[in-house]
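Here chain A shows up in two complexes: once beside chain B, once beside chain C.
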Partner chain A sequence: MYVGKPVKRVDAFDKVTGRARFTDDLCDKSAYIARIVHSTIAHGKVVSFDLAEARKVKGVVKILTCFDLREKHYFGTPGHPYVLDPAQRDVEDRLVLTDTVRFWGDDIAAVVAENEVAAEQALRLIKVQYEEYPFVLDVQEAMKDGAPQLHAAFPNNILEHTGIREGDYAKAITEPGLIKVEGWYETPTMQHCHIENHICYAEMKQNRIHLVSSTQVPHVVRRVVGQALGIDWGRIRVVKPYIGGGFGNKQDILYEPLCAWLCMQVGGHLVKLDVPREETFVCNRVRHGFRGHIISWVRPDGTFAARKLEAFSDQGAYASHGHAICAVEMAAFRQTYPCENVEIDGWTVFTNKPVAGAMRGYGVPQIMWALESHTDEIAAALGQDPIAFRRRNLMPLGYYDMFGHRKLAADSYNQCLSKAMEAIGYDRKREMYRHQTGNIRRGTGAAVFWFDTGTWPFLLETSSCRMAMNQDGSMQLQLGETEIGQGADTVFSQMAADTVGVPIEKVHIVSAQDTDVAPFGTGAYGSRQTYSAGHSIRKTGLQLKQKILEKAEKLLQISSADLNIVDGEIIHIADGAVLMDLGTLVKEVQYSRSGSCHLTAESTAHITAAPYTLGCTVAEVEVDIALCKVRLLNIVNCHDAGVLINPALAEAQVHGGMSMGIGYGLSEKLVFDEKTGRPVNNNLLDYKLSTFMDHPSLRAEFVENREVTGPFGAKGLGEPPVASVAPAIGNAVYCATGVRLKKLPMDPPNLYQAFCEAGLICDERRVDA
Partner chain B sequence: MPDQYKLIRCTVNGREKEAMVDVRASLADLLRNDFRLTSVKKGCEVGECGACNVLIDGESFNSCIYLAVWADGKDILTLEGLEGPDGKISDIQQAFIDEAAVQCGFCTPGAIMSAVEILNEGRLLSDEEIRVRMSGHLCRCTGYENIVRAVKKTMLARLSQ
Partner chain C sequence: MYDFKALYEAKSVDEAVRLRRGHPGARIIAGGSDVLIRIRNGKWAGAELISIHGIDALRGVKLEDDGTIRIGPLTSFSHLASDPVIGTHIPVLAEAANQVGSPQIRNIGTIGGNICNGSPAADTPPTLFVLDAQVELTGTEGARRVPVRDFYIRAGVVDLKPDELLTAVLVPGEAYRGYTGHYIKYAMREALDISVVSCSVNVKLTEDKKRIENVRAAFGAVGPVPLRTPGAEAAARGGETTERTVKAFASAVLGEISPWSDWRTSKAFREHIAEELAARALIRSIELGGGGIHA
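Let's turn to the complex of A and B:
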């Protein structure tokens, strides 16, 4: 059995030797190079281009502008499965090039050249005339009457507003003796920063478009490129090789439609579109900035009487995933600490900023920053221990979600909190860090997360799998679900090996998805793949096994019910005797002159469940008050992701999420110039993602409650590790200093402001204590 | 432009090479495009991420901001050069596999090359020193944790021999 074992990654050897090929490594050198002309204003209309000088550059093949777009096929970019009901589809508001500029960096023209130097030179010589409009960068400013309008169809820039009303909030807050705790919380725009930028290339062959792309969702890319170009989906072939990370950015359809369109404009010649890092920050997708207002009415005994949330989600210039992120925030608020009387309003609002889309956590890191900071504030207001307060109010065992039709079947929160607290010595340290004075102070803090894996019932959950036996008893394994670094290919191989009964070395997974041959699957997002693909692997594996055993029955004249496949051999269940090895069986069947048959199986699993995955972070920090710096000393995450298919890879996944959470908490923010709307730190030097030196040793713990609906008892893990890190750090900073941070990141500028407001330091930055 | 191209001679992964290089080209371009050593990854092209790191005369450099013409007369080692002629991989490559220090694999080649530089010094480093020495590499997948473990494990194994 391989499930539950720390099997080595099936792609590791290729990746440590440089044999793993990524998109740019595969592109032929004959490719034309495409570069995009981005707007240098935040809002307005392109009036005209002066291309005369740019066209003179030697090596320029063609320059195409938004005015060359004859047919306008609007398309939506989220990597979601297609929705048959038009009313439920994602907003279709993008064109491959646009004459209406909605953010600094919008795509208005493109250069196709024989080489990178010519493309770059031409890019610099293109002159653009604009009609400029006022722009708006702040989400609440954008909602006001008279604010600059981005899309005619969305008055006051509100992409969507939804409200939840449960019980009677207005009445509940009149209960005598209640304590009101209120706060505003804010998180910044953040970028995924996968180390491989988005890149794709396209060529026409046999009157079809062949695309190779660094994407998480190849089958979705095929559909959206078809929609964007107005051509039949079957005329598009998408290949997804190894990709250098995605984290949700590559769950959007990025520049594949533009690249394909450019290819068609130059006679189908091979065109490569490799996005520079600076453009990746601005012109791909970002994490939604968030502002939240929470009011809690609590009784002195530490129970909730009523709760209220107003959430403002900064969509940027185009809809992309849109309100779905805000909807997740609202659900997380409502379910993490259930309360009878609730008022929740969420607004997703357009601003003249980079487009926000999916990013690891999908709204949960934002709401957890607000919610878990707020929860600590409530405990402080009541004079109660923040962990005890949480344990009293967290989603209880047996909690039933009417919408998702699921019941919380394990006491994950309490188990995870206990394990993480013990790992860090929380209680002892909390006691130790009382009554500190001086400039350097330490503290510990905890925060939980709520996460909803998969996309059911909002969206279709489907995964297909194909297996084919080889003559040596080995098998090919193919899925539409993608390896993006998380280790999917390895856990898929483990599950296939166990289901069919073959050694893992005999499972040959086809890592790359080619939509011409790969079975249909929607790809990597929503922490869905182990769960969804696990179901299709199990279903297909059992079919294949049954076919093999039926053949064995004929060959061996023993009932298939008495046979099993173990370690690549047909055995007699009664005594475990080895009767035949799989290779012999496959050869007998495949080359049979009386009934040749290729042993294959293929099936689709349609999934109608989506389990919660829950857990927490406990952090310990040291704060230098005068320097306004937080140093992370210790951090541990504890997760209940069901049975771990591969504990080593699960641990590695948690490390990566924690790292992203540390950056979110302490240093990352995309900053915009208020005067122009231009991003000012769109590079890896000025945008501070955490480095080797910014981390203490990261510790990942697990509790493994078997997920009853899951394949092998497993459920999703990929995204949640990022979710509770920042609030745990924030709560530790509060423990150390008594100052409550409301705004991420907790970097020196924000800490300085907070410490000044709290009177901890004065303007001369002298320590008050 | 008569001075646009220049002939350079260098050693790449133990073999002597000659190439006419565009004087504007980076070493990363030369290695990727001319020699097809595609382990040399481009993540930023301005020396921020470390994905393109190679050893030049034993020292780890961002090959994206090192001009190809400067490589004249130099001894260059890329990830491909760590593999033996029989396909056997080095201890640090094996440690990256064993410690699950590889995820998407895009920063991996550069990170391994810096690890080779550190390990070849044959010194005992603290975790903190390993982190400082490796800090020129950005990784979004691993949280660096297992990379530190892989470097440390290999360092201790070599020193105990």
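Let's turn to the complex of A and C:
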């Protein structure tokens, strides 16, 4: 059996030796190079282009502008499954090129050239005339009457507002003796920074468009390219090879439609569109900036009387995933600490900034920063231990979610907290750090996270799988679910090997999805690959196994009920005797002169569950107050992701998420020039992704409560590791210094301001803006 | 794919000087860690390049008879950091070289480029400033020597004539003998970063280690070019190794630097950090010299 074992990644050797091919490796050198002309204003209209000089550059094939777009097919970009009800579909507000500019960097024209240098030279020579409009960068400013309007259909720039009302908040807060705790919390715009920038290439063959793309969602790409170009979906073929990370950015349809359109404009010639890093920051997707206002009314005994949240989610210039992120924030707020009287409002608001989409955690890292910082503040206001306060109020065992129809079947929070606290020596250190003076101070802090995996019941959850036996008893395994670096192919292989009964070396997974031949699947997002694919692998594997055993029954003249497949061999259940190896069986069946048959199986799993996955972070920091620096000494995440299919990959997944959480907590922010709306740090030097030197050793712990709805007892793990890291660090900084950070990141400028305001430093000098 | 017009590869200093004369608009490229970035971002797109990468005579560190340390401008940061002459006589320069960018950048980037780039935030110049280093510039008319402090004209501009090449960085014996120094780079993260403020201090203590016989201090990223702080030096020179001296030294720094506010951070923050670094670098230099700070 392979499930539960730290099996080596099936792609490990190819990846470490450089044999694995990525999109750019696969593109023929004859490709034309496409580069995009981005607007250099934040809001306005393109009036005209002067292309005369650019056209003179040797090697320029064609320059296409927004005015060359004859048919306007608006499309939505989220990598969601198609929704049959038009009213429920994602907002369709994008064109491959636009003459209405809504953010600094909007796509207004493109150059197709024979090589990169010519494309670059032409880009620099293109002159654009704009009609400029005022722009707005702040989410609450954008909601005000009279603010610049981005989309006519959305007054006050509000893409969507939803509210949740439970009990009677207004009445509940009149209860005598309540303590009010209130705070505003903020998180910045950030970017995924996957190592491989988004890249795709397209060419026409037999009047069809062949696209190869670095995407998480190949089948969705096919559909959206069809919509964007107004052509039949079947005329588009999308191949997804190995990709260098996505983290949700590549769950959006980025430049595949533009690349396909450009290819059609140059006679179907091969066109490659490789996005430079600087453009990835601005013109792909970003994490929604968040501002949240929380009011808690608590009783002196440490219970909630009423809770309130106002959430403002910064959508940027186009709808993309839209209000879904804010809705997750609202759900997380409501469910993490259930309370009878709740008032929640969430607004998703357009601003003249890069488009926010999916990014690892999907709103949960934002709300957990606010909620878990706030929870520590409540405990402090009550004079209670922050962990004890949490244990008293966290979502309890047996909690039932009416909407998702799910019940919390394990005491994950308490188990994870205990394990993480023990790992870091939380209680002992908390005591040790109680009375510190001096410039260098240490502290520990904890934070939990809430996460619901998958997308059911909001969206379709479906997974298809195909298996085909080879003559040596090995099998091909194909899925619509995608390997994006997380190790999906390996756990898929493990689950398939166990279900069918073959050694893992005999499972040949087809890593690349080619929409012409791959089974339909919606792709990698929502921490759903292991869980969703698990369902279709199990269903298909059992079908295949049954077919094999039926053939074995005929060949061996023994009832299939008495037979099993173990380790690639047909055995007699009664005594375990090996009767025939699978290779022999397949050859007998496939080349039979009386009834030849290719042994295959294919099925679709329709999934109607989406489990919670819960856990926490405990962090220990050392703060150099005068230098305004936080050094992370120790950090541990503990997760309940059900049964771990592959503990080594699970650990790696948690490490990666923690690393993103560290950057989120301590250093990352995308900054915009207030005067122009231009992003100022859209490169890997000025955008401070954390480095190895900023990391302590990362520790991942697990509790493994079997997930009852999961085919192998497993549930999602991909996104949650990032979710609780920043608030745990923030709470540790508070423990060390008594200063509460409300705004991420906790980088030196923000720490300087907070320490000055608290009077820890710069007692005589002013705090300037 | 990089957009450059031509690449001329010099094999000797003479050839490089000739190429400089023949191609007045050409850029010198050594390691390329600055030049290639500017070609890629379009600022120097289409440039002509004169590569000096192949002039081995400009590589390495030598201790001359009179005690002068001669550093070849093509010496990479990683070679500088591990060089025995540097390690023995001016370990503070090795410290500074070790804080440049990342291992990859330290392998390709050179000390000559670090100076000629003219950046106020470069890692080695503050230490070269406090070591009273000189640069040797070779042109058609022969070689001249200029104190590195005077080599910087304004941000991004150094006193390199159109036909000249930086051929050596020279640290005189009297500038380091008896001195101990410390360099602190303050950046937003612990690697792959450029200084927000940097500070290099060196001191010579009296024989009894109770007083500061001489002190020199220089800062990076707090003005258009790296700068010395003579006022602060004077405030500490001759002083006892006490907290009071350190405080007087550090606060005097504020009158001599001119940091700015930008999107990265504020002037006030930069001043606060500069003062803090000054104190810490002085204390550490004194400790390295065998002294200690007394109340």
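We take it that the second predicted complex is superposed on the first by the 762 of 769 C-alpha atoms of A that agree within 3 Å, B and C clash if a C-alpha of one lies under 4 Å from a C-alpha of the other, contacts with A are read in each partner's own complex, and residues count from 1 in each chain.
The rule is short, and it goes like this: a contact is a pair of C-beta atoms (placed from the backbone, for glycine too) under 8 Å apart; a residue touches a chain by one contact, two chains touch by 3 or more.
Keep in mind that this is a model prediction, so the values were computed, not measured.
Novice: Quick one: is A:H288 in contact with chain B, with chain C, with both, or with neither? Answer first, second, both or neither.
Specialist: In the superposed model, A:H288 contacts neither chain B nor chain C.
Novice: Hey, is it chain B or chain C that touches more of chain A?
Specialist: Counting residues of chain A touched by each partner, the higher count goes to B.
Novice: In the superposed arrangement, does A:I761 touch chain B (first), chain C (second), both or neither?
Specialist: Second partner only, chain C.
Novice: Identify the partner contact of A:D11: answer first if only chain B is touched, second if only chain C is, both if each is, neither if none is.
Specialist: Touch partner of A:D11: chain B, not chain C.
Novice: So, does A:H323 touch the first partner chain B, the second partner chain C, both, or neither?
Specialist: Neither partner.
Novice: Considering only touches as defined above, state whether A:N681 meets chain B (first), chain C (second), both or neither.
Specialist: Only chain C is touched by A:N681; chain B is not.
Novice: Taking the superposition as given, does A:P748 touch the first partner, chain B, the second, chain C, both, or neither?
Specialist: Once the two structures are laid over each other on A, A:P748 reaches chain C alone.
Novice: Tell me which partner A:R406 touches in the superposition: chain B (first), chain C (second), both or neither.
Specialist: neither
Novice: Touch test for A:F692: chain B only (first), chain C only (second), both, or neither?
Specialist: Both partners, chain B and chain C.
Novice: Touching A:F22 in the superposition: chain B (first), chain C (second), both, neither?
Specialist: A:F22 contacts chain B only, not chain C.
Novice: Share the list of chain A residues that count as touching for chain B in one structure and for chain C in the other.
Specialist: Chain A residues touching both partners: 117, 684-685, 691-693.
Novice: Please name which positions on chain B make contact with chain A in the complex.
Specialist: That would be residues 24, 33, 37-39, 41-46, 48-49, 51, 78-80, 82-83, 89, 93-94, 96-98, 100-109, 112, 127, 130-132, 134-135, 137-148 of chain B.
Novice: Where on chain A is chain C touching in the complex?
Specialist: 115-117, 120-121, 124, 626-628, 667, 671, 673, 680-681, 684-686, 688, 690-694, 747-749, 752, 761-762, 765-769
Novice: Could you list, by residue number, the parts of chain A that touch chain B in their complex?
Specialist: 6, 8-9, 11-18, 20-22, 24-25, 29, 117, 192-197, 242-245, 247, 276-277, 484-487, 648-649, 651-652, 655-660, 662, 683-685, 689, 691-693, 695, 697-698
Novice: Please give the residue numbers of chain C that touch chain A in the complex, ascending.
Specialist: Residue list for chain C touching chain A: 1-3, 42, 45-46, 186, 188-194, 196, 261, 263-269, 271-273, 276.
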